[in-house]
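Shared between the two complexes below is subunit A, which pairs with subunit B and subunit C, respectively.
Take a look at the complex of A and B:
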């Protein structure tokens, strides 16, 4: 694929806010959680958005590409089927593992940034890519702790992953902010190190500070600091798309619209 | 009789109008409509209602607060209306309307009311010959009057509804219910609700006679008594079931 086409500003489609997503002005594309969709029985709202020409991008949370176990091809197959059902130009998941030794953690756990872990990840990503009908983008996750003996920075790790698999990157600026707050990583260094020409699109989300820990809840307002990271990213590259993720405690349509407008303002500022 | 507040130019709140028009079910629909209008709740395509921000702020009435408090967990559209209609807050609203003499206890009309009346008249005529039958005449006429029934709306209640039109979408729900027609669409569609959600509520029922439907304001449940728009000037043009014929007076508030 030569490049990701301009997606614009979007929002994560969730059934609780389906009517809101349909009627909000300025929703250029949406993302659906692939595991929540059933082939042959797409939600009416998703069908309606597709009829309007709104791109729908499947986002997976369960491939567990960082697991030492081989990736579950049934899950890859489902993701691919969802992509075909909605005519998506790409799909995505995370650079993480959610299962280990047959146990499901229920969380997106960060992968140790070692050469060995990268080899495992690369093998899984390549296997997934071979079984997917569209390109795969991979997202950086928020981590509350770092694995010991890391050999690469997160940016270097993702750069090498892209180089070896030709995958795309889905950069979550809220996760970059969370990692900066919680484990002291540097978002600017991350942005310096990743191949920005392989940027598929960007995630923005809200969170909350609890004591010393910033929680990337997707259930609170987007902090200005997260938009500053987006601003930093946009100063380096025009992202093909930026998507607001909101998963709980949904605010009013007006508040969601103003969060989308704030995101668009940051993007447009750099487009001149 | 003192003129009701509405007659002096101050309109009743939509929730009270809804109650007077078609009882607690309609008042509950109206409260939900007001919350939707204010952006305090949202409805999804599968008919789940959820509170926006999970806060009670912004509610105007006890019934609205009841609804919002019980939406900490999303609930089905029809269940929200049904539960609000049965709530203590709704009973309190009913008591308040009665205390203000806008409604009264409704009595259903018995089919045999005219038999008592006829006997009463007959005995009355007989009293011209046999004066003692006058007592019987009075008794039968009394029973006849009682079994004729009474509508829940008082004259003050009817006056309060006079001139109320579906001038906004909350009032449209108060007068017609979410399923009622306003022009060529349902009142629910004014809120962007899909038909699948609106149809979760019971269908509007046509009343055969005015008085049978009189339970409306006095004690009908969710969504009942919805075909009463005799008081709404806007509904006769909207293709609703209430074009003004005799079937129209019967909801909670209609009638003469």
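Take a look at the complex of A and C:
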């Protein structure tokens, strides 16, 4: 299938900012967190956006596709049902594991970049794909620590994943920036290594530097350095869409609007 | 035949990965020993980040408990969390409820608070 084209600039729909998202100018598409929606009673605000023709893309956070465990097909089924309920052309989750050894980290943990981890991830992704009604895009996560025995760079790991599963990529430039700061990922090399023709869309988010660690909080303003990574990406490919994620400590509508405008300015700069 | 070999390979890959992932989460969430090869300082950063995220979610889901505990909320939650890592399949609301219950059992929250929540929950 062809990729999703021209989504434009979007924002993550959250119940706390539902009215903001509805009335902000220049919201071309939204994402919803699939785990927070219930089939049969979508939030009124999401229904309203759908009626306006705004694309709504389900984004999952709990499939744990990088887990050594088998995929929980109930979670996959829910994601697929949300996709059908909102008529989405694509769904997404992360290249990560959430659960292991009977424990739940409550977070998107990086997987070791080893052959073992890649083989398991590929098998899990293929099973998820077989049980989803629409294509799956997978997102790079922000890591605070590095597994000791990585055999591949982050970009090579994702390129292999795409090669073997034909999945799409959701590139989070804030996570890429975080990894550059925290674990020494080279953003330019990352962008050189991933297959940009499989780029579904892009995430942008805010964070905060604490001492020598950058925390991808989604609760602070987007740093200019993150927009620079977006700029670098846009110099190589016109992304089909770019979406701002804000999950806490919500600012005024004006501030959100200006972050969206700053994102649009970067994207437009590269469009002749 | 090739497929069977592949599946066997995959199941051994799963086993090796499972034990490494379990070891890491055990270190981060349940005071387990640091897995070999990891930067200990970064394990500490990750441990605190995960704890802080979990604490924030419990605070958001149970503001009445957090308000009642005031300054005691953070140390109490951290003590509770270390002994009660979140189990796979559990929900954040169950975590918040279990923390409140743990506080009551420790005598840190009065029993009457429970009745007050019931009042503003729909029933």
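Note that the second predicted complex is superposed on the first by the 272 of 272 C-alpha atoms of A that agree within 3 Å, B and C clash if a C-alpha of one lies under 4 Å from a C-alpha of the other, contacts with A are read in each partner's own complex, and residues count from 1 in each chain.
Simple rule for what comes next: contacts are C-beta pairs under 8 Å (C-beta built on N, C-alpha and C of every residue); 3 or more make two chains touch, one makes a residue touch a chain.
All figures in this text were calculated on a predicted structure; none of them were measured in a lab.
K.L.:
Given the touch rule stated above, what does A:144 touch, subunit B (first), subunit C (second), both, or neither?
P.N.:
A:144: touches subunit C, not subunit B.
K.L.:
After the superposition on A, what does A:15 contact: first (subunit B), second (subunit C), both or neither?
P.N.:
first
K.L.:
Tell me which partner A:252 touches in the superposition: subunit B (first), subunit C (second), both or neither.
P.N.:
first
K.L.:
Examine A:238 and indicate which partner it touches, taking first as subunit B and second as subunit C; both and neither are also allowed.
P.N.:
The answer is neither, since A:238 touches no partner chain.
K.L.:
Check the residue A:97 against both partner chains and state whether it touches subunit B (first), subunit C (second), both, or neither.
P.N.:
Only subunit C is touched by A:97; subunit B is not.
K.L.:
Counting touched residues of subunit A, say whether subunit B or subunit C comes out ahead.
P.N.:
With both complexes superposed on chain A, more residues of subunit A are touched by C.
K.L.:
Touching A:215 in the superposition: subunit B (first), subunit C (second), both, neither?
P.N.:
second
K.L.:
Under the stated touch criterion, which partner chain does A:39 make contact with: subunit B (first), subunit C (second), both, or neither?
P.N.:
neither
K.L.:
Which partner does A:265 contact after superposing on A: first (subunit B), second (subunit C), both, neither?
P.N.:
neither
K.L.:
So which positions on subunit A get touched by both subunit B and subunit C?
P.N.:
No residue sits in both footprints.
K.L.:
Okay, in this complex, where on subunit A does subunit B touch?
P.N.:
Those residues of subunit A that touch subunit B are 15-20, 23, 43-45, 249-254.
K.L.:
Hey, which residues of subunit C end up touching subunit A in the complex?
P.N.:
Interface residues on the subunit C side: 9-10, 13-18, 20-26, 28-30, 36-39, 42-43, 45-46, 49-50, 53-54, 56-57, 85-90, 92.
K.L.:
Any idea which subunit B residues touch subunit A in the complex?
P.N.:
39-40, 42-46, 48, 50, 52-54, 74, 192-194
K.L.:
For the complex, give me every residue of subunit A touching subunit C.
P.N.:
67-69, 97, 99-107, 109, 111-112, 115-117, 119-120, 123, 144-149, 213, 215, 248
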